[in-house]
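Before any comments, here is the structure.
Order of writing sets the chain letters: A, B, C and D. Residues in each chain are counted from 1.
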């Protein structure tokens, strides 16, 4: 049967429903558990095999030797495509995906993040 | 003189109708969003859009006729606001009222469409020209049903003055009910006049970008958009005055409240209608108007004539 | 000024009807289209060449980004070819999970299409509702893979993430809701008069033309061409699933809509079958880095039609040649045929009805055109400084504003 | 795999090139290497007699001294025949297959633009996929082509 205005009932019912959209920056978005967000690096676990560098599709990660058994990672968040292949490739689980996703910025240089083991905790310094 | 100037510029002139137009736009957009299960814009969105556009640079295309191009938004806005003065709003008397003002109002309300045509045509852009041709084609389709079903209540009231019509219907309130079919037809025709879905053919975004308004920017576009808001309010006011002329003799305060309710009711109906349809093609729109709307409007006219005959005898 | 009765209008490279840059140059007589040219290539990114310079693992993610919507299609198609060359035996569980993601992707793609089709004919309400409901399947995909698109689910030799037993009831309940909603959309599509008016008899492609011009996917199936790679050339777990190939003989956009909603219903069935029969086992086998010399052709039924990948290996860790034939390239050629002598107003929906994905279609190389500063045209830097100057004259100085306010969203 | 074997038999029986040129890689996949002078004949036979009525794709390859072209054609039931033909790089001339498959137009233009093949019988039209101002005699899918070979200025502008 053909009739005009077939959606009218659904449409009017919506008036009394909660909106499906959210006011995003005011209401935080929740990421799923397996979400591949900004990477985290644990320098103490790294053995410097550089498998992550080799497999990275966009050459976003650089592992540098800064001392005896001490490595630091420089991750270019602008180049990273967040595929988390490096997390899979790492034999010692020195890399990890976090749920952080709001990474936009105005300065390209600030998107290069260096993780190093200068202190007890993993500190994050800007390159 | 001072009062006349106040009436024209501030109340119920440009300032009032501009603010009211923005309110109507907000109600329309918010309701449209809510009907689609969205949050929708905040209350200041129409004002923010207006301020943003006013702050932008006006660009006149090199090939366009600069005079016509820049004049048209002003003409459109003036035409619609003038029509507003002749419509009885919250009392039974309009600001300017004379015998035959009904025809003048209908005439003034075609001016925006004509300016869309001229502005679009003289933009010299292909999208604008197609949009212009479409808006004038559409004009011939919806204008006849709109005229016929606005004239029907006038025939019943035996006057060509909107103010006298409201006086008549306020003394014979039950007669207004005979025009409900006309109200529905006028509402659909108004969708065409306001270029809203399913009749937004002249500015069909996915086909011809923005139609007439493709080349407009900055203050000129702000004026045009304001004109569309105002047109919506004027159209809704006309429908309210002609088809919903109730409670206009209770005095200004009650009348003003009732007026707002009536206009926003018409605006809400327009929003619901534009939510539930897909855009028609121009040929489908024209055949719909001539096959169904025009005959229905004639029937309304006939019904009113018969009622008038019975009432007189 | 052009002759008013005979316009040539450019639809694209930038146009609201197109979500991606391609150019359809249309000659109009009044509202009728008299002829049309298609110029593709605005989206070439050099993916095929780039694949030759990267390792297989890197290529996988590159190929996943050929297209956002059918990312799993391209990645799976490529990975299957590589596995065939390397002679890898992929476990049953991995095959099933791949098929699960593939069908979920089809659901999200077809719902997306339904919304886009609504938008193209000015029915934004349909767009809003279908996209709202599409969030259900997007959430399932995000739960299973981590992301809403570019799932990164494939690896050479299997899949990267497992489906846990807690996830299965969640997927099933999402599918139940979607099935209910899809039934409603079938009612809308068949009963709403304005929708029928805009879709019926539009973009007609007869059965013979569809075969002759080589249409693929739902576009062909709506012209009663009974072809589906999932059945004809089964891959992954499709050989073990029972499903119908939906065809229709309306030959128009309305038929294409019916085929797509019909396929949605079939996909729900398939997802249930997969979850019921999910075999136990490992999800991936170890793949060598160097793939032995050889060649393979892989075919895959993407939501838009047949996707073809050819891979030639030369014994190193980088492929010798990767060839991608996306479904839209086969379908875009029927558009010009379908639009001849039709109305301009039908153009957006006819183009949308093949569900075009021009990013898929164009892959080869990108070179930006030089911005020339001849009279009337401004180069990008000139335009940029001009706009800043213009606002400064209005009393708004963006340089000052930037200093004054910390822009929200900047990196913490 | 009887159907694949039948096709193999029929091809080798009909044309006098040896059986090792037609290889069944797996179920539904047949690869055949064909001398370029025989190509038109074999292709016609495969499409008209053997009913390979679907054109899946045309792949172009740079094989050093020669350019290789693989025509992937398929039957309705999923069997794919891959016809490999090589032509010398100095004079890479092909005959168009658009009379059989109008859709081949785009695939052949791709060969012309990206590998520098010369396709006989292909009508002049829009370029695909490269831009109109692409320098002549630069074919990006050839192995000796590097991005540096493009005019430097064009690449860095606007970057």
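The definition used in the following text is that contacts are C-beta pairs under 8 Å (C-beta built on N, C-alpha and C of every residue); 3 or more make two chains touch, one makes a residue touch a chain.
What you see is a predicted model, and the numbers here were worked out from it, not measured in a lab.
The count of contacting C-beta pairs peaks for the chain pair C-D. Closest to the middle of the protein, by Cα centroid, lies chain C.
Each chain gets a centre from the mean of its Cα atoms; for chain A and chain D, those two points are 42 Å apart. Centroids built from CA atoms put chain D at 62 Å from chain B. In this assembly, the C-alpha centroid of chain A lies 24 Å from the C-alpha centroid of chain C. The multi-chain contact residues of chain B, meaning those touching 2 or more other chains, are 35-38, 275-277.
With touch defined as above, residues shared between interfaces to two or more other chains in chain C number as follows: 125-126, 129, 132, 192, 194.
Shown for chain A are the residues in touch with two or more other chains, namely 4-7, 11, 20.
If touching chains are joined by edges, the resulting network of the protein chains shown has some other shape, matching none of path, cycle, star or complete graph.
Chains touching one another form the pairs A-B, A-C, B-C, C-D. The residues of chain A lying in touch with chain B in their complex are 4-8, 11-12, 14-15, 17, 19-23.
Across the interface of their complex, chain C is touched by residues 35-38, 55, 57, 62-63, 124, 126-127, 129-130, 133, 197-198, 200-201, 204-209, 275-284 of chain B. Those residues of chain B that touch chain A in the shared complex are 33-40, 272, 275-277. Every residue of chain C that touches chain D in the complex is listed here, in rising order: 37-41, 44, 46, 48-49, 52, 84, 211-214, 227, 229, 232-234, 295-297, 299, 306, 308, 310, 312, 320-321, 323, 325, 329-330, 332-333, 362-365, 367-371, 379-380. Every residue of chain C that touches chain A in the complex is listed here, in rising order: 54-55, 57-62, 64-65, 125-126, 129, 132, 135, 139, 142-147, 150, 152, 155, 160-161, 184, 187-188, 191-194, 196, 407-411.
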